[in-house]
Amino acid sequence: MGDYNTEMIEKYRGSFLNEVQDNVEEGEWVKMCMQCGVCSGSCPLGPYWDHGPQEIFMMIRAGKREEVLKSSSMWMCTSCYNCIARCPRELPITHIMHGLAHYAMRLGLAPKEQPTHKFSLIFWDNLVKKGRVNELKLGLSLYFMNGFVEGIKTSFKMQKIGLGMLLTKRLNPFEVIKGHGCKDTKGLQAILAKAQELEAARVGKMQG
Amino acid sequence: MSETKIGAYICKGCGLGERLDCDQLATIAEREGKANVVKQHDFLCNADGVKMIQDDIDNDGVNHVVICACSRRAKTEAFNFENVAISRANLREGVIWVRPDAEDMRETTQEMAADYVRMGCFEAKFMTLPASEQEKGHNNRLLVVGGGDAGMTAALEAAKAGYPVTLVEKTGQLGGSLGKMWKDVPSHAPYADPVEPDVKELAAQIEAHDKITVHLNATITKTSGSPGQFSADITTESGGTTTENFGAIVQASGAKSYDMSKLPELGAGKSPDVVDQMGLEQLAMEANGGAIKRPSDGKEISNIVFVQCAGQRSTKEGHLPYCSGHCCLTSIKQAMYFKDQNPSIETNLIYTDLRTPGAGGEDFYRSGQEKGIIFTKGIVSEVSSSGGGLQVKYKDLILDEDVNQAADLVVLATGMVPNSGVDIEAAPTEAEGDGGNGASQEVTVESILNLTYRQGKDLPHLKYGFNDSHFICFPYETRRSGIYTCGPVRRPMDSQQAREDATGAALKAIQAIENAKLGRAAHPRSGDLSYPSFRKEGCTQCKRCTVECPFGAIDEDEERYPVFNESRCRRCGTCMGACPVRVISFENYSVDTVGQQLKNVDMPDEFDEKPRILVLACENDAYPALDMAAMQGNHYSQWARVIPVRCLGSVNTIWVTDALNAGYDGVVLMGCQKGDDYQCHFVKGSEIAHERMSKIDDTLETLNLEKERVETYEVAITDIERAPRLINDMAAAIEKMGMSPFKF
Amino acid sequence: MAKKSYSFYPGCSSQKAASASNYEVSVKSMCDTLDIELNEIPDWNCCSASIGYSGGGELPRLALSARNMAISEQAHPGQDIVATCAACWLSTKEAQERFNQDSSLMAEANEALAAAGLHLKNDKKVRHMVEVLIEDFGYDELGKHVKKPLEGMKIAGYVGCQTNRPFGIDGESFENPKYLDKLVETMGAEPVENYDKKVSCCGGALAFSEPEKSQALIKDIIEAAYDGGAEMIVTPCPVCQMNVEIYQDQINAKYGTKFKMPTVYYSTLMSVAYGGSKKDAGLDGQIIRAKKLEEIAAK
Amino acid sequence: MSEVIATNQTILVVGGGISGVTAALESAECGKQVILVEKNPSLGGRVSQLYKYFPKLCFPSCGMEINLRRIKANRNLQVITMAEVSGVSGEAGNYSVSLKKRPRYVNDNCTACGECGKVVEAEFDDEYNYGMKKRKGAYLPFNMSYPQRYVLDPRIIGTPDADKAKEACKYDAIDLESQEEEIQLNVGAIIWATGWRPYDAAKIQPYGYDRMENVISSVEFERMLDPFGPTGGKILRPSDGKEAKDVAFIQCAGSRDRNHLRHCSRICCMATLKQTTYLREQFQDDFKASVYYIDIRAIDRLDDFYQKVQEDPNVTFVKSKVANITEDKATGNPVLHGVDTEGYHRYSNPHDLCVLAVGMEPSVPKDAFPVEVKINESGFIESNGSGGIFAAGCSSDALDVNRAVQSATASALRAIQVVNRVAGTEG
């Protein structure tokens, strides 16, 4: 991953904006921002962002590559779509944030300890394995994602909820063994593999 | 005109019949008003009433009509009789609507009405029907000064309407500033890309047009005359001069770029790679569609910074206080030169407020963003050259940090300075004085028109050297009738606005020509056929009229007598107000038409305890305000006698002294706001009147009257509650001071 | 009314013994009453919600939805795709939009699908169950089936985010959509007027990764419901339902509140109003029991 | 309005606002025959509802008085009110136009004595005051209405009120039988000056105009300053009639926004700067104005007005598009939420009153224009000079009054070119 990062730095020397346009989902929209700030103001977790979307867009234009990609800001997106609904320039901000997060992850720059980053990865792996999300595993792995001791604490904290879910048959302990899933996981994984390959290729094309 | 025959017509409608004793009014009109015909009618403004009057005019030789009914502002169309002098006695808005309907008030209300009937009759008696007999100018050729985008447009649009045009351009070719530009900002959808400037097209059309004569390398060395009969000397570089006659003039002398050498902190003059917007246009012209090269070393340019508001919107010494309006769009356009050529070129546009208004502006801004222009809200503090390149130091206001950016080329959006000629109102000392950057160019300004006018060579400047109109509703108001400015000389503007503006100015010039043919006044007294005449015998050559005329309409002959240029005159009467010996008058508005009204008010003697207050009110603002107060049922003192005047500037102090001598207990003058944001639609009238009245105190002293007996106010048309209050205040003041001793 | 059939995309959370299994139970009983046939998309897969983005790039995520749509096209030609989960609906509908906008993306998606012998025509409507109720039935029709009006109940319609933005339901405003209130009214209960947290975010998936931050949001949502005089919250979204219901104890512990606000699905209300039993309505799935509904159901 | 004289040398002006009135007068004062058609009962248009003009802070009624005098004095100009263009056919130099004229129920016998207004009881929302006030069913639209004639609201026709009005009129100016008329005209050129309407603030959902009493539009704010307006000239907030001394102004309310109006409406920035001076005029030093903006567009000379307002210590500027407004239930204060993008500062600011500087929506029937013209994406007519139909004022672009009048004057010349061609007066 690290070398991929340096490769990118080489390629786009100077223009982080171009790098984002080529490699980030909906990245070509960044330049259309007019700095009104309605997105930052509309974000439910706004207060926890180091940099709101509008500021991130300005930082991209200003070439602040590291600051943006290493920031935890994008990971605060709850996908509430307020920003998209209100943006006077119709920027698909939610997607750009997801895109930036994903790109940061691919470059290996995403903050390792960022909980949503971890959760997101776990979620994806979880669904890739069986094609469907296995909530218990997801939950457990989530509680333990910060290491064993933390995990015990968290699961203890969550125990009551777990119990409630269990009693109301909204959580099934046997999932750990059995669990949900698609039948044709092979096919699904083939599709995802191909998609990943195509995406990588597309990005390559843009750079070439 | 045959001998005066006055017809007085008293309306009994709208409650007049009930509230007033109309038979008594009729008697007064007949006995005191000396009206030859007096009739009453239940409903004077209806077809039957109007017909009654028209019949008397047609069959009975009535040539002076006194309408004793509602305000002159009401039913104007109904009482609009041709070829007769008309005066209106305002019994409705002026009397019954401003007085309570109570028994104990009947007497004073009736007195009010009676006075207005008297006043109406005497006004009519001393009016003559304006018959514009002055020799009129019939010339319908336009002179357009300046061959830029605006001038060419004005010439073409006028010619398309059938009017011959002479176009005079100082340089060797048509096109002006826009002619020096590689591309223009689009003025029609899609507002996406720079477009071919239309100047070549316009120039071609002009050369092809048989109604347009062009003089290149020529300037105007002398302009005299008035609408319909201007005369101008056109002098070419070679020195040859031809004199031509014109009906009207459009001045499109444009603007020049701000002198960027005043901005050393932004690198101007320090490096050839720092240019202003015109400088960049020149580079683009030279590149002629190819890559724009760096001036210093001809190197490929990969990084440009545009600095908006360079030396503009700033109160700093030598900077321009205003925004030049076009610069944001122009910089976006110029950044596109590079982006369209090679998208990988970095263009950073640093602005504080991006100003791209309207439908086109916002689209063009978006298009600039789509092309990858970077827009940074920031303030540039310094541009310096370092090792073959430039360093731009600025504060990024969004990221709130100081930035140093390297650039190959820096473009300063420095804005424009109008070519408006000599500032005739600037105190001469100022011109040289304050040895400053700002004034330096004023020292060497050449006149554009070289008018032979008493008041100076060029049009008065409004602000910052621009020749704009001061009126929101009347952008083409000019203080030199028949001469209209358009384009950037009037107000900072882009080419699209300049073309629109030029078309409007051409219309006004054409209108001036048509008015001159008929001897008609231009706005605001549109269509007024009267014009000032003066008795040379009485004139003392004091020159007040020639100095005070807000429109520079009056010149002086060799013997220092005033020379009235009727078609330059706007009929405000300021000259009449100015004249200490009262030799200036209009047929339908004179020292007498007003003087006789106030003299013929019935003046009760001191012991009747019935004071009289003379109110002289501007017909456009104060008088309507009183009318509307009446409509709203706001009452005012029964002692008031209101006379509308064309402008407070037309008020001759003699009226005030006459009134006081005649026993009036108080005089209230109501004019428009004066000063920088003046609302006087004759520009200076109100100001001059206030000036004159400030001197009235001496008169009062000699009469030894309290100076509270004369008040001068600025009254707006919206002062519907205040205007009546001012009258009542005077009534109250009189109550305190007691009656005037000057009653006989 | 004739039977209506749809190609049904239940989504992970609605699976048996998963967090929203009770949602699907109530949906089923509601659909029986309305004579709606839901044909489950065979071997459907996860939509990656709005959280898979770290691991999954744009195309892989779109491919997930592409697969579901492609299978639906095969298995249920001519039937609209209907999802009950807001995230499932949104992901699928967004994928559809992106494919419509960008043909090359569509081509790539098909190239990927080909790896499993699938192909996407992308010619189906993608709808949320609530749209089906409002557009294909309408409030009047829905009202006709009410056997046990939910009289005397005051319910806050918590719309949340993903059924609302960016697409919205029935062209209603993003800031003040009324459809839940209208459904509540149709079922004979009283909606909370100007419930000002109606469209606020509950933190969504971040309830897992950022519990404190999310619970702060959830607290406001519940508080506003109480302020509006509600005794129950109704939602169209499994994530909303779960977040608002299950963290109330933790919130009470942290903020010293005394929340005990039952939070149900619109389908729960409808199932009960249509005469369904506690079980039919999935009420046994409530962690905070909806006693009033249970009583009505028991009548 | 029985017979209307018109020929293919006549210029038809559609719209009696300041642009239409100007275009009509400037043409007529060049000696052309002009017909001016207005859809409302009175001339005056949008500007007649303004308190003051920027930057001079002078009064629109002053200019209107001058223009009315010009109209009364001019015999080349015919005014038709309560009429709209229902059809246009033909080409430059020869258009046939049909007008639909709604009944006024009051003929020109009316002396505006006001008796009918006194006896009628029914009251309706006063359009002149954007419904912030009621008016009688028999009314004079406003103080300076022209023609100075009363109007009967069609809703009272057939009710006892109508008969009362008729009885009250001594001049038999009231004709309850009058019907909608169809008027056919032949004209040479047409000037389209139908102006603009304020963008519907309720559509800007995050600002809750439809849900919060103390969120109003900029045009409504103007009405508050009119001594005869809904608040008798006082700046009061709707919820509790308390003086609004802490006022927020939100710029680009509907403008520069792809969800609403894509264009910049140009006037709103200056209008807001002007409105901050209303606060100082009314409360001297005891007020607070906060302007939330994206860019302050005080173009050209107007920038010095901006500079003057910036010097006012009681006026603050925040570079921010407000995200949304909530209402503080206790005080009724609108609370504005957003981020000041200059340095990224989050705010939640309560104010007494919030004024939305609503955008300018052209009143041009984009899809139902009676004849072929080029209309751009923002709905403005792009008069390309060809043909005989010319846009004036805000039908052509988002313009301030001064520019609208310039545009109207230019359109007058374009129309004159056509009719002069017809008259063959060239040469």
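Letters are used for the chains, namely A, B, C and D, taken in the order the chains are written, and counting of residues starts over at 1 for each.
Assume a residue touches a chain if its C-beta (ideal position, glycine included) is under 8 Å from a C-beta of that chain, and two chains touch if they have at least 3 such contacts.
This structure is a prediction, so every number in the text was calculated from the model and none was measured.
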For the chain pairs B-D and A-D, which is connected through the larger number of C-beta pairs in contact?
-> B-D
Chain whose averaged C-alpha position falls nearest the assembly-wide average = D
Computed distance of Cα centres, chain D from chain A, in Å | 50
Centre-of-Cα separation between chain C and chain A, whole angstrom = 23
Separation of the C-alpha centres, chain A versus chain B, in whole Å, is 64
Where does chain B touch two or more other chains at once, residue-wise?
-> 354, 377, 398
Identify all positions of chain A at which a residue touches two or more other chains, and write them in rising order.
-> 34-35, 55, 82, 89
Going by residue number, chain D touches two or more other chains at 206, 256, 319, 324, 341, 344
How would one label the connectivity among the chains shown: line, ring, star, complete, or other?
-> other
Interface residues, chain D side, partner chain A - complex | 206, 252, 256-260, 294, 319-324, 337-341, 344, 346
Residue set of chain C touching chain A in the complex reads 12-13, 15-22, 43-46, 48-60, 62-64, 66-67, 108-109, 111-118, 161-162, 164-166, 174, 200-201, 203-206, 208-210, 213-214, 217, 246-247, 249-250, 284-287
List of chain D residues in touch with chain B within their complex = 18, 22, 25-26, 29-31, 53, 56-67, 69-70, 72-74, 109, 111-114, 143-144, 148, 170-171, 227-228, 256, 262-264, 266, 295-304, 307, 319, 341-344, 374, 376-378, 380, 382, 384, 397-399, 401-403, 405-407, 409-410, 412-414, 416-417, 420, 425-427
In the complex, chain A touches chain B at residues 14-15, 17-18, 31-32, 34-35, 55, 58-59, 61-62, 89
Contacts from chain C onto chain D in the complex sit at residues 173-176, 194, 196
